[in-house]
């Protein structure tokens, strides 16, 4: 058990979610090894976003638990989970449209550098120093995601690809141990998808664990260490990309569809 | 603080300081300094309200009540119980903070419409209490005999003295709020406005931030209420009714609710309309206010302070 | 206070149900607009006020027979609802909850001001539909107009139920409420449905205004209080719920009437608001509302 705790940063235990008679998840369980990339795939409505919303505290599960670094987090609020080190991006881009690119990332630093209401209002010297810290840290993140030269533009004026990178950057700014990305390549062209993939790989190299929901199979097969397949709210397969590609039930439930269309 | 902003603040300070000296030379505008005192009092409210509505994206129709509670606390405790006015002002702030916490904690969990209605209901209940508790408030006729203020040995017994005192407080509240906006707190509020989901995913405790700003804005309203009571020495419920709550909304909408400058511009303009420029329309001024609010909402979502931005964009497009 | 007699209590209940029927109609108006557009129309009370005032204009001042005046009034106020949507709601370029609330507040004070301009500040009276000879019932007094109020609520509810269940337009409106995107995909004109929802709830407001004026008179500034009490009924019954609006309206009316009679008449207007705050704080989904459903809708 202790060995497991060290190795698994996240454990999802018999999770079930029912919305007023509608079952979104049944008995979902899996583990996530520290420092790896795990992708969750499955057809639309398989329960991927519901799973994300439970892990990050936006929904509380009907049954089951989520453990992060050995601590139960499934009844915590989103901001409490964020402070513990899980950060996320959103499927429908949820950037702060009323702010610049830099400010978006600066909000990402919120949970790491604190200052009191009164001190901020008085504009004390310590506050100014901390603001400088936040700013330089946010600039570092922008360099990492390649948006340094656009730091002063409004977030919603960026092209879709860059908005997606910015979402990832904002999530990184809080220095998370686990980052949950919800379809980071959706709607991107080939070049942009390539950039997003290498960005995710670079995040892993920084030592951050990645959980990934993605429809683009090329991306998934390329970068993930492990893949989990959800269908109708149930885990139907789990394993390395090769194993998943050759799993008959996956091919039937999910990849089968793809070959038919192609 | 940015350089250009320091310049703006400097011009603003210069304008405020020179205003009474210029006005005293123009007999036709003799009453303008007096009106500016009221404008300053209302600006103290709108600065906080603009942080709550414009930055955090919430809504309140209850700030007329906080203003009234501040005024009545000062009025009742000084006139009926002879307590020191400064003490009363602080007691008012304390009472309002507690009430704002009690009203805010449950209602800020609610979204948009609910919050508007909850604060509206709260405001009307307080207004009814002002009218009903004759023994303390004097009921609809109001109460007189509220003393003036003194700053240590200096009696604030002239319009000009009170003018500088009030605008000094406006300035302090303004600087404090500007600092807030440009710090982590301000970013958190704007993040909440843009997307509560994303804000909480960034570790922002959304209900807590909303509550803190709600209480902060209520405290400013209470402070303004005390200053109001000690200035006109007489209060009655009609200064704190629903229409006043809506006028506060019009002030920040007209000035521009996404900027603290808008709170100042809006409060000053509406105060002058209210006390001077709309006399011709008598009680039909309500039509003018309705029209202003509707037109601004449709055509000038960033208010008057947003006009330079619109012109800049227009010129850019033409080039 | 020594205990009130049974006949007194009965009297309060009757008055409460009557005034509650009006709140129910206001609440139904709120819900129709809310379900189709997600907007809470702060000017809902002004529709009621305009209904009463216009009826006085047509029937008393211009001497038009009551039935025709009734129709004229409803047509006029329905038109006002249509104009409100067309010129105040639809032109808004960034329709956030905040701007929509502010826009309907602007409309409400605008309508109030126009009514003051048109009819003056004094309360206006309207003759009761069937005279003012009271009916005695176990020591309580029932004005014939009370029966008109309750009767018109019943008729309104029946017509609306038929409209939403059986007619194509009514079904289209329900589709818009469920899912506007899907509705527009199947060819429903969502803009038209929004306009219709404003007109319809203005019309219902007008009926409430017409029928209450012989009991409580009508004046230009009555709208805000009617709106907030109607909204209390909405919240008590559960936002968006049609049966909830009726139950909530009647309950608010009864609570207000009993509170004013037994506790304090000076705080008459506060009781509904205290109920509103209580429900908002402790059970925002209301008595008949379902919080889980509204959660899913939001996600």
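Here are some notes:
In order of appearance the chains are A, B and C, and numbering begins at 1 in each one.
Everything that follows uses one rule, which is that a contact is a pair of C-beta atoms (placed from the backbone, for glycine too) under 8 Å apart; a residue touches a chain by one contact, two chains touch by 3 or more.
Note that the structure is a prediction, hence the values are computed from the model and not measured.
Distance from each chain's C-alpha mean to the overall C-alpha mean is smallest for B.
Relative to subunit A, the most remote chain by averaged C-alpha coordinates is C. With centres set at the average Cα position, the gap from subunit A to subunit C is 47 Å. In this assembly, the C-alpha centroid of subunit A lies 42 Å from the C-alpha centroid of subunit B.
In terms of their C-alpha centroids, the spacing between subunit B and subunit C amounts to 32 Å. Of all the residues in subunit A, the ones that touch subunit B in their complex are 56-58, 77-79, 82-83, 87-88, 90, 94-99, 103, 106-108, 110-111, 113-115, 117, 120-123, 127, 130-131, 134, 170-171, 174.
Those residues of subunit B whose C-beta lies close enough to touch subunit C in the complex are 53, 57, 59, 106-107, 110-114, 116-118, 120-122, 124-125, 128-129, 131-132, 242-243, 246, 249, 253, 283-291, 293-294, 297-298, 301. Interface of subunit C with subunit B (complex): residues 40, 42, 88, 91-94, 96-99, 101-103, 105-114, 116-117, 121, 224-225, 228, 231-232, 235, 264, 266-267, 269-270, 273-274, 276-277, 280-282, 284. Taken in their complex, subunit B has these residues touching subunit A: 1, 175-177, 179-180, 182-188, 190-191, 193-195, 197-206, 212, 216, 258.
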